[in-house]
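Two complexes come next, and they have one chain in common, subunit A, joined by subunit B in the first and subunit C in the second.
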Partner chain A sequence: MTKYVIRRLLQAIPVVIGITIVTYALMLAAPGGPAQKFANNPRMTPAAKEKFLKAWGLREPIPVQYGRWMGLLNPDEDGIAAFLGPSGWPNFLPTGISGADNGILHGDFGYSIDSGEPVGSRIARAALPTVILAGFALFFWLLIAILMGVFAAIKRYSFFDQAATVFAYVGFAMPTFWLGLMLIFLFGVNLKWLPVSGMTETRLSPPFGSDAYWTYFGTTPLTALQDIGKHLILPVVTLVVVNIAGDSRFVRASMLETLGQDYVRTAKAKGLPNRVVYFRHALRNALLPVVTNIGLEIPFLFTGAIVTESIFSWPGIGKLTIDGIRNFDYTILMGVLMITSTIVVMANLLADIAYAFVDPRIKY
Partner chain B sequence: MAQVPGPAALPVNPGASGPDEGGATDYEVNLKSLTQFELVWRKFRRHRLAMVGLGLLITMFAAAIVGPIFLPFTVDDIPDAATKAYEGLPPFCTNYLATSLPHTCASYGLTHPFGTTGGLQWDVFTLVLNGARTSLLIGFSSMAIGVVLGTIVGAIAGYIGGFLDNVLMRIVDVMLSLPLLFVILVVSRFFKDQRDNVWQIILIFGVFSWMGVSRLVRSLFLSIREREFVEAARAVGVRDRRIIFRHILPNALSPIVVAASLIVAGNIIGEAFISFLGFGVNPYTPTWGNILSNSLTYLLVGNWWWPAFPGLAIIVTVLAVNFVGDGLRDAFDPRTRA
Partner chain C sequence: MTEVLAAPGPVGAPPDRDVLLEVRSLRTYFKVLDGIVPAVDDISFSLKRGQTLGIVGESGSGKSVTALTIMRLLDIPPASIGDGSEVWFDGREILSMPLDEMRKIRGNDAAMIFQEPLTSLNPVFTIGDQIAEQVELHLKIKKRAAMDRAIESLQLVGIPSPERRVKQYPHEMSGGMRQRVMIAMALSCEPKLLIADEPTTALDVTIQAQILELLKSIQQRTGSALLLITHDLGVVAEMVDNVIVMYTGQIVEQGTVHEVLLEPRDPYTMGLLESIPSVEKRGGRLSAIKGVVPSPFNLPPACRFEPRCPYAWDRCRTVPPDLNRVGSGGHLARCHLHTSEGAGRLPDALQRHRTALNLGRTLPTGGH
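Here is the complex of A and B:
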């Protein structure tokens, strides 16, 4: 088991390195480069552009740029000496040893080209709303998907099962953003029950995440929570409806397979009540493949929220990315790509390990 | 009549046994083996949902190709300046009461079955049909690119194996770890030409949809290349290229076709999304995503029909594609019987 975990960890390393290379190459290949955002600015002289490129280190050779971004090279030194950090140890070692603090190996993603803010803190600020949204969505999505799948499997070919099938097909075919639009129209514009965009009521509170907001939150926490809750309903519903479609089918298939097993028949033959047979004997085993599936889906909940966030102007990672794309903010985009894809790799790893862990029949 | 023992694997076509020729007792039973295509089609026909899906798809394609020719107006001209209102007309409404606020419909007719847009009063039905052209073109062409790329990569990785297989599969791992929607958005914003860019969008979606197929094809090749018939072919000296294309690939075809249907569905939705955000197809080319994108401002004044119908068109198309995919999966499955 330990050997398996170590082997999987080692396999993940080249993938993460590959991700850094692809991310960097993508940004490098883009025509115009980071100076693109000045392309239509008449006051940008060639000299000023040159100065901008020099200041951002974009006139260095490409391997040097990549090395500095990764944290392999010390930006204050040239030539072979750049491999050593300020303290004389190799630059890529942790800050405590090498004294270096540049590059993503040291947790430094650089500065936003657009706003000048450190990328790390900008992403951290956007992460909280995304985690709130994704967390609520995940909770309801799993709850409903599992319940729907289980009941559809127990009452196979019943009206409920067939309705769930139709729902799954339609939900699977429905574009998330279109569902969001329709919900906005119905509950926001027509019935005027719920707010249609943002995370807080802008007339009542400062923008979410700012210091002023936390002061406001401290004084009237109940009102603030209620406000966020109201804004959460539509995006969460959108995410849940679209995502339970596939998962409820998955749970149903897995549950059907388990219900056909001998130990379920034994449990029934013993005269156990149905509730115990279904939820204690069958469901626990049926959820094993579901666990893996969820592990693989969680990262896409975060990146998939890009769609929902942009519809509802939710101030999270998705909106940060869209704004970054609009403004040619290369550093932000590289940071987001790196972090989200590393989360995907980690989640895949955890899903594999968790599966080996929860199912004792699997031997490695 | 004596039964000549035929090869058990060959299905006997009962209707195809020919008439006795010359009246003499003929010991030859006409064993007509069905081609793979006929076998699949026989099973596919029984799958009711799949046939509905196929019918819908054919209708969609026909409407997309010939529809815009017969429509009374194109997306470029303003059909009815007389009913010019800020808001569009709801479905089946022909004009608003002149004096009422909020507007109430004065008369109904078949002129605008999906209503008209706010502002320029375009017919939404025309828009959706025109959008179908581009959206279907993008969905299916990018699928073709992705499937061809994925099959080539998967075949190389699975057939040759070794170091090359390792490298290719790590590349696939990396590509699958990237949040593809982000990457597609970035690429289409940073790389594409702002004018006529439908083919560029096709290329972008094609280049980012091959990974799943290549994994699938690799695993199929890994198992099929060990089978006896491939060994036999190799033993009689058949060349690698012929083994790949004539012996292994036809046996791997069915899962590929099913995977392709999923790609079409994903790419149609994906295209709609990036166009909706304004990073996709040039906003003056109608696609379902662009129509949705343009409808945003008028959603807040209550013109629900403008975004509703292109969205329904997407749902119907994706549903149809999925039904066909399901039908194909069942039809290709040798365990189900026709």
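Here is the complex of A and C:
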């Protein structure tokens, strides 16, 4: 098992590096760039624009930019000398040896081209809202999907099963942005029961994540939590409705297959009550494939829902990504992609390990 | 997966005390896309306490469905049970019983062993858990005591070092071992009736013999009744006192194992016996029953074996044969040869059967 995990971790390294190379190349190859935001600014002279691009190193060839971002190249040198860090050792070696502190290899994600804020702290600030939103959404949609799938399978072709099928397909077919807007329109604008957007009531509290906010949170935590809770409802409902479909269908199919297995008949022949037959003997087996699925959905906790976060102006990773794309904020985007792809690879590994725990037949 | 059972109406009087299982005019149907298929068509038989009964038939003869109906393990719908069907077990009618009552019988007084030892055990629980769970439920004892009981039953079925085996998962065992586990599980609550549905079909020949030997010795030791379902006449010959032969959901012959295997009186049984390879028939050609089992949607109008029967004549195509008494005891055969109309043809048929058995020659078929 340990050997297997180590092998998988080693395999993950080239995968993540490959992903960064491809995304970096594609991103920089796309037309437009960070300087575009000055397009309508009459006071921005071509010379000033050029200076801006030079300062951010955006005039360098793409491989050089990538090398600097990665920490392979020393940004203060040109040509071959760039491979060496300030101390004369190769730049990619740990800071203690090479003296270099730039790039991913040295734990430096750079600065946001748009705001100048360090990318690491910008992402960290967006992570908490996403974990809160995605965590609640994932919890509810899995809970509801599993229950719905199991009962639909047990009562196959019943009214409940058919209603669940219709609900699942309607949810599946409904575009996220449309559902989100409809919910905002109904509960936020018309009925005025729930806030329209954001994570906190900005008139009452400092912006979420700032130091002032945490001071405010410390003095009236209940009010603060209540406020966040109210803002959570609509985006969570949107995510749940849209995502239940796939998982509940999956659980239903898996449960149906399990219910037809010989060991379920054996369990019945032993005189076990239905509750035990379904929820001990069948469900345990039916959830085996679902475990893998859940493993693949865990990265969502971090990557967030781009569309939902944007519609509800939820200050999370999804919104950060969209804003990054809009502003050609390469460093932010690369930072998000880097962390996301690492989490996806890790979640895959975690799902495989979890599988070995729940299914005694699997040995690595 | 509903298990609602329409009560099959008012029931008759219970059978004698010494009869453990009595099945009366049992009919089981399946609703399929094209209509309703009668899988079990008016079957009656009884099994005394401690005795053994074999049900023989090809696949599709309704023998497994009979067993599943008795255990009430069929999903209703698509299955349905005909009005007037009765199954008496240990003095109680069990088809009309609430399912909760039936669950107290299942695995406790009546246990069942299935054909596929590889898939009949739950892959994610240990052997010990799976046996103990049943013991805990029926004998109402603590988990610890139930686990001890599980170890005892594994010992009973000849599994070495059972203390270690209870902690294993099914996939860590061979097919033969798993079938022993299934038997141990079935016996764990000392059932009065053990139903074994093709218990050895999925196993190697050598393992088959061991498992049969085990079943027989345990049945004799514990005194439980055995209902053995198989397609294998050889298994029947070794294991049971009485035999029922089924064809397309009906009983076609019924009697002691001696009567049915040595003096068969139904052409279908005769055909089955003729198609068994044996030492005496060495050199001769093996005769098989010609044709195939008819589709349940398209059964012959009168005698259902008529298209394949070498002795059929006009009457067989117009009048459905009854189960006729043959000889003096309880030997029955569903064939017109045993009525006054067919009596004249009987000696010839028996002669041809004997010839086929001795010489193994395929005989020209008559009656067509």
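Basically, the second predicted complex is superposed on the first by the 316 of 364 C-alpha atoms of A that agree within 3 Å, B and C clash if a C-alpha of one lies under 4 Å from a C-alpha of the other, contacts with A are read in each partner's own complex, and residues count from 1 in each chain.
FYI, a residue touches a chain if its C-beta (ideal position, glycine included) is under 8 Å from a C-beta of that chain, and two chains touch if they have at least 3 such contacts.
The model shown is predicted, which means the values in this text are computed figures rather than measured ones.
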Q) Taking subunit A as the common reference for superposition, should the pair subunit B and subunit C be classed as clashing or as fitting? A) fit
Q: May I ask you to decide whether A:Val290 touches subunit B, subunit C, both, or neither, giving the answer as first, second, both or neither?
A: neither
(Q) Looking at A:Val236 after the superposition, I want to know if it touches subunit B, subunit C, both of them or none. Which is it: first, second, both, neither? (A) neither
Q: Could you look at A:Leu337 and tell me whether it touches subunit B, subunit C, both or neither (first, second, both, neither)?
A: first
Q. When the two structures are overlaid on chain A, which partner does A:Ile19 contact: first (subunit B), second (subunit C), both, or neither?
A. first
Q. What is the contact status of A:Met182 with respect to subunit B (first) and subunit C (second): first, second, both, or neither?
A. first
Q. Comparing subunit C with subunit B, which touches more residues belonging to subunit A?
A. B
Q.
On the A-aligned overlay, A:Ile113 touches which partner chain: subunit B = first, subunit C = second, or both, or neither?
A. neither
Q: For the superposed three-chain arrangement, provide the angle subunit B-subunit A-subunit C between C-alpha centres, rounded in steps of 10 degrees.
A: 70
Q. So, A:Tyr263: does it touch subunit B (first), subunit C (second), both, or neither?
A. second
Q | Distance in angstrom between the closest Cα atoms of subunit C and subunit B, superposition on A | A | 11
Q) Looking at subunit A, which of its residues have contacts with both subunit B and subunit C? A) none
Q.
Quick check on the complex: what are the subunit A residues that touch subunit C?
A. 153-156, 259, 261-263, 265-274, 276, 281, 284-285, 288, 358-361
Q. Residues of subunit A touching subunit B in their complex?
A. 14-15, 18-19, 22-23, 26, 29-32, 36, 169-170, 172-178, 181-182, 184-185, 189-190, 299-300, 303-304, 306-307, 310, 321-322, 325-326, 328, 333, 336-337, 340-341, 344-345, 348
(Q) For a test of understanding, state which residues of subunit C touch subunit A in their complex under the given definition. (A) 1-3, 71, 73, 100, 103-108, 111-112, 114, 116, 119-125, 133-134, 137-138, 169, 171, 182, 185
Q. What part of subunit B is in contact with subunit A in the complex they form?
A. 170-171, 173-179, 181-183, 185-187, 189-191, 265, 269, 272-273, 276-277, 279, 292, 295-296, 299-300, 302, 304, 307-308, 311, 314-316, 318-319, 322
